[in-house]
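These are the structures, in structure tokens.
One chain, chain A, appears in both complexes that follow, with chain B as partner in the first and chain C in the second.
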Partner chain A sequence: MTLLFVILIPLLGALIPPLVIRSGRNACAAATGSVTLLALALLMSHAPAVFSGEVPKAGVEWVPALGLSLSVFADGLGFFFAAMILAIGLLVIVYARFYLSREEPMGRFFAYLLLFQGAMVGVVLSDNIIALLVFWELTSLTSFLLIGFWTKRADARQGARMALVVTGGGGLALIAGLLLVAQAAGSYQLTEILVRGEMVRASPLYLPALLLVLVGAFTKSAQFPFHFWLPHAMAAPTPVSAYLHSATMVKAGVFLLARLWPVLAGTDPWFLIVAPVGLATMLLGAVIALFKDDLKAVLAYSTVSHLGLMTMLLGFGTPMAAVAAVFHIINHATFKAALFMVTGTLALLASASMAGVPLFNGFLSKEMMLEEAAHTAYLGLDFLFPVLASVAAVFSVAYSARFAIGTFLGPVRHDYPHHPHDPPLGLWLPVAVLVVPVIAIGLFPAAVAGPLVALTASAVIGGPLPDYHLALWHGLTPALFMSLLAFAGGAALILAFRRVDGVRARLPPLDAKAMFEAASGGLVVACRRIVAALHDGALSRYMGVTVATLVAVGGYGFWSATHAAGARPLLPVTAPALTAFLALVLASGAVLLFHGERLTALILTGVVGVVVALAFLQFSAPDLALTQISVDVVTTILMLLALNLLPKTTPREGSRAVRWRDGAIAGLAGLGAAGLAYAVMTRNGTSISDFYLAQSKPGGGGTNVVNVILVDFRGYDTFAEIIVLGIAALAIYALLDPALKGAAVRRIKAMLPRDEAKDAHPLILVVATRVLLPLSLVVGAYIFLRGHNAPGGGFIAGLVVAIALIMQYIASGYGWAAERMKLDAQSLIGAGVAIAGLTGLAAFAFGRPFLTSTFGYLHWPLVGEFELASAMAFDLGVFLTVVGVMVLSLAQLSRVAHRVDPSPESRAPMDVPLEGAASGAAGKED
Partner chain B sequence: MYPFLEALVAALILIGAFFLLVGALGLARLPDMMRRLHGPTKATTLGIGALLIASMVYFAAVRGSFSIHELLITLFLFLTAPVSAHMLAKAHILRARAERDRLPATGTATGWATLDSGHPKGE
Partner chain C sequence: MELLVAGAIGILTLVGIYLILRAHTFPVILGLTFLSYAVNVFLFAMGRLVIDRPPVISPDAAGYTDPLPQALVLTAIVISFGMTALIVVLALRGYLETGSDHSALDAPRQPDERGEA
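Right, the complex of A and B next:
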């Protein structure tokens, strides 16, 4: 289980730095360091097992039905990467403590860093590929935060956005790719997929899966043509660059290629795609790096180049090349991290390693790369890889030399804005720690790195290791001559740098950033056009598109299947049913005729609502009838308040042809819905309702099936619905807010009638609503309590109480009522959702799944036997949410009207004071 | 069922039907809005109330189950009918400008509440 904590500790530990920063920057850095150290120690406790060939595993089930589990495993590859991420992370934390200035928010920085670290460790240790994908996207998101840490700098923001778009977009492709791999292998567990390589490669899904996975890996590891984001991510603080580009972020793509090497590698498509992409990246990165004058840019492009090298080696698909790739990952991590935290002479050593100078570790892996390249033929061209790899080596020697000479061996300058000084211990110590392996591996490769390389490489290959020797001297091999050639060529390039640079300056410049901005800008414009065409703000168009789609899909479904008339006989037509039907038809037809007059249309829709409620009653659904009536009342009040802010009539819109088209769509949809209803009602099909009817009492403890379904059987739906309801109310609140100020107020004001009633809050209305308030509240409580067994429940009770409260607003005005409403609607919504959620969570305490309900019977004196169900607490949540939602939206609407017409609001409950009462004190008596 | 109760229910139904008819006729036949308002608010309310009481008596006598639902409905009708009548009348006074001049005097310093806030100008 401790392996799981290696991931969880940094993720959860991210909470610590923002809290500890109050105790000072040292404490903050120490706390962050201890978190990483703890994770590293836990990981290292598995080291003996891993080195002896075991694969430690841990995990918990998450959603077993979907094959989703949070499981981890540490084979050689995962263990090595996790150790590298945590160890270099520790050094970066030390370095960042001294790098960040006093003004910068260090707590936030370390929180981001730990989150990123946790996500990275999650990527390399995950066994379940879904979990891996989640962590993968998490690294994109957290690196976005890290790269854009200096939020005030435009280049940081742009770089962060570019990195997110490229790596996040690649992540989407990777999701598809890995799901296809899982489909082909028949498992979501990496440990199982890795041994089913044959199966995957033989599957028809192999090629699409490979292409998608490669897009994900190439974007993350900045491979050509996605290499452009990496240099722009250099706008990040230096510790972030050091971390992202040496050990973590960009290595994730290479890691993925290595991880899936046993599954995907060894085929023609793999070699034909991966190897040349790696080669192109290596060459391109090295060439661009030579001509960059900015130190960080040189390092960025050299990183691109080295990533290309690793990709190319993995692309060769031979075990020997895989070993070389692993060896170079180790070496690159050490010297690149040191170079980013560049300080003094130590970095000279690191850059020598980057150039591939003998006695440093970079030499060894580069030698192995050249050896592999030397006998690789691409499409029958046996000179392509050796020549181009040598050219890349030439440039890499040249830029390393230029980097070293330019920084450390050049003439002393005196025109710096600040006097350069020797860095404090904290800045050069991490570099020193990193340079030790650079030299140690360079001198004694087999002794120092041998076991690690063997362990990691065997995990990558997934089979027996090839015969290889990590040594300085391999004899007079082709690689040695290529190396010598590279040094000679590099030296020549440096000597002739001015002339070469002159040639380069004459070539047309290629600005990847401008191209990216142009491409993304074009995409945004194209999207805007589509959105503007589909969503032009006209409700009739939205409805038209939606309904036309429904008609088309429904029509296709109807005509592509066989169907017969239903067997169930029709019910006799009774006089009341006919009357209700005619009322419904007349009201609907009248809406069509009078829809221009909004008030008339509203009254007519009210008729429709009442007839529907009567139909519910007729077919023994009193619950639905009650709900329909109360919803109808609330919506009518809502619409009346809204109409107050709108013109009195709807203008005629659209040409005759448009109206005919809309009419045709609506008519077809109506006929389809009628046919559907007819088909359903003339059949005796069995449905799930039989189950609900049978289980309502024994399973849910209530005889009101509708309510038991709402709060128990389908409690999950209801829970989500009240959340949606709450969000909708908050959206109404926010959307109406602009109507309170500026031009909107003036526009609404112009529409309002000049003549307003003076006595807007008459005595008779005030007294009636005040008398009805306690009565309505009692009715609400009654409906709520009986809801489980008789028509009622939290939803209807909420509507009843909301109507009673809204009546107070109408009777005495917004100001007066709001002053007396002690609970604000937002808290009611929050409390409702929280209570419903907590009721669901309470089931966990008894070891049951979310929202499991329970019930029992109590005997109360006087009241008699009384049922107490946990669903009642859930229903209370529904009730509170409904009250809050209704009061919030209606109060906001009336607030708009109130704000538009700021006539002096009376302090009294009504406008005309009662005789004998002092006009100012009338309000206080109530 | 006792003949007396039967007679009572029948009488209530007839009274209710009569007032409903009167209310409906008034709504249809009276000349102006203010007078038409009396039909649905006064006569009809009374008629519906009588019908509801009849229903209550009938079910108490036949089914033996006494319920006050009908009484409550009547009560609420008596409570809401005057309120809606009042609001309708106010809206009419506000909208029908021609009729404002024909309103009788209130007999106090302030005019009709809908038109006169009761405060001196400028407050």
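Right, the complex of A and C next:
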């Protein structure tokens, strides 16, 4: 399990630096360092096991059935990389403490660094490839934060964005590629995939998987033609550059190639793609590096070149070349990290190693590379690799020499803005630590690096190691002559540098950054054009595109399958059903043709609603019929209220062609819906409803199964639904309340005086609604109470009561009714949701899950046996919410007109001071 | 009978979709109402058509229709009211603020031609 913590400690430890920075910069750096040190110590506790050939594993399952787990393993390769990431990370933290100035937010910097470190360790230790992919993307994201750390600098922002676009984009390809690999191998665990190389290589998915994985690896490791992002990432603070470009970020791609080497390597496509890409990158990087004057740019292109070298070696696909690649990874990490943190004479040693001077570690692995290249023929060309590799070596000697001479051996300058001074211990100590292995490995390769190389290389190869010998002197090999040639050529190149540089200056410049910016800018413009064309702000267009797409997809699905008629017997058509159907067709057709006359269209819509309610009644759904009819009443009133303030007609719109096009889309969609419904209705199917029917009475205590489902079986859904309703009503309130100011008020006033009915509040309507109110309330209570056992329930009762209340507003006017509403609608909604929620919570008191219901029977005197279910309290919540929602939405709408101009409301006809017995009607409200 | 119901669903869908493709808010709202009818009846029809067998448990019932689509549709009817009310109010507020009841934005946004974000 400790292995898992090696990843988690840096990730979680990222929280520490921003907190500790309050205690000072030393404390912050110390805390960060201890986090890394702890992770490193945990990793090292596995070192004996790893070196004795075991593979420690750890992990937690997440969704084992889908192959999802957070599992890690540390074989030689993963262990080596994790150790390198953490060890060099530790040195970078020390360096950064002294590098960052007092004004810079060190806490944030170290937080990013630890996040990045955790992600990197995650990449190299992950066993599950999904986890690996997540960590991989995490390294792209966190490196974006690190590269763009100096957010005020434009080049830092651009460099960070470029790195993110290239590596993140490659990461997407990698996701696809690794999923294909997993598909081909039949496992998501790397440990299993690694032993199934044969299976993957034989799979038809091999080639697409290889190409996608290579895109991921090449973008991350800055291989040609994706190399351009790396130099621009140098806009990062130097510790970041040292970390990202020596041991971590860019090595992730090489790591991946090495990791999947046993699975993907050894085939023709692998060699034909990977080796030349590596060669081209190595050559290109070395050539460009020679002509750069900026120190960091030289190092950047040198990194590109060395990454190319490693890629090429892995691309050769031979075990010997893989050993050389591993050896060079070790050597490059040490001398390149040292070079980035460059100080004084120590850097001379490191650059000697970079050049491949004997007695330094860079020489050994470069020698091995040349040896491998010397034996490689590409498509029958024997000389391609040896010659070009030697040319690259020439350039790399030259740029290393120029770097060393130009920086450290040149004439002493006195025109610096500040007098140069010797750096503090913290700045040169990490470099010194790194230079030790540079020399030690250079002198005694087998003794110092032998075990590590053997361990790592055997993990890469996944089989027996080839017979190799890490040594300074291999005899008079071709590689030795190539090395000598490289030194001679490099020296010549330096001597003739001015002339060569002149030639280069005459060549047309190639600015990768400008090209990238132009390409990404063009892409953005193109995307904006597409978005502007599709999303031009016209709702009808969105809807048209959406529906047309649905119709097309549905049509494709329909035509590409076979069909047979359903076997379920049809119900006979009855005369009333046919009449209702014709009414629906006529009403719908009339709406279609005359929707310009809004009031007419609204009334015709009401006809359709009635037919739908009748259909529910016909087909054994009394609850639905009741709900539909009452909702239709409320909806119609709502629309009428809105229409009061909206234009009464819709102008004829669109050309004939547009209308026909819309008609065609709508017709096809209608046909599809009808066909689908018919297909289902003529077939028998299975349903989970048998459970509900069987359990309704014994389990839920009610015989109305629909209501029991709503308040008991699926109570959670209903609870969420009334919350949604409440939110909608509150949104309506929020939308209409401020409508009483500014332009809206002027518009409403402009609509006045409207054509008022002479008698706005007819006496008969007023009296009738007031008499009906108590009756309606009783009916509402009745429907509510019987709801558990017969058609009814909270929803329907709420609608009935809401209609009764709304009728008061209609008959007697907003002002009169609002004065007498003792409860405001918001409180009703709140109380409803609270009661429903508390009923659900009450189940916790009995140790049951949320919304578990219970019921019992009480014996009431006079009334008799009476059932009481906790679901009824829940239904009460539903009831109150529905009443509140309906009243709030409609009352708000009527208030808008009323507030602007309350004058036309004559109070006379409503509260007629009637004498004696006649006062009963008005008195009901109090 | 199944044919009638399927036909009704088709017609309701047709009218609903035709109306939501209009450029003014009120027809769009009516279209949504029609679409709600269509979808509710469609969902209901997924429980197949059964006559005289309401899902109310009783000792002398010959059988029951599928209660689950009914429960789903019941909440759907109420929710579609909430949605309709919200859209009506949005349309109204939009009209009161701008004096136009077009569902489209007045001026289509000009794409920003510069690539730089």
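Basically, the second predicted complex is superposed on the first by the 572 of 926 C-alpha atoms of A that agree within 3 Å, B and C clash if a C-alpha of one lies under 4 Å from a C-alpha of the other, contacts with A are read in each partner's own complex, and residues count from 1 in each chain.
Here, a contact is a pair of C-beta atoms (placed from the backbone, for glycine too) under 8 Å apart; a residue touches a chain by one contact, two chains touch by 3 or more.
No experiment lies behind these values; they were computed from the predicted model shown.
K.L.:
Under the stated touch criterion, which partner chain does A:A768 make contact with: chain B (first), chain C (second), both, or neither?
P.N.:
first
K.L.:
For A:G667 in the superposed arrangement: first (chain B), second (chain C), both or neither?
P.N.:
second
K.L.:
Looking only at contacts as defined up top, I'd like to know whether chain B or chain C touches more of chain A.
P.N.:
Looking at chain A, the partner in contact with more of its residues is C.
K.L.:
Between chain B and chain C, which residues of chain A are contacted by each of them?
P.N.:
Shared contact residues on chain A (touching chain B in one complex, chain C in the other): none at all.
K.L.:
Taking the touch rule as given, give the residues of chain C at its contact with chain A in the complex, in rising order.
P.N.:
1-30, 33-34, 37-38, 40-42, 44-58, 64-68, 70-71, 73-75, 77-86, 88-93, 95-99, 101, 103-105, 107-117
K.L.:
What does chain A use to touch chain B in their complex?
P.N.:
755-759, 762, 764-765, 768, 771-772, 904, 911-913
K.L.:
So in the complex, which bits of chain B are touching chain A?
P.N.:
The contact residues of chain B facing chain A are 79-80, 82-83, 86-87, 90-91, 94, 113-118, 123.
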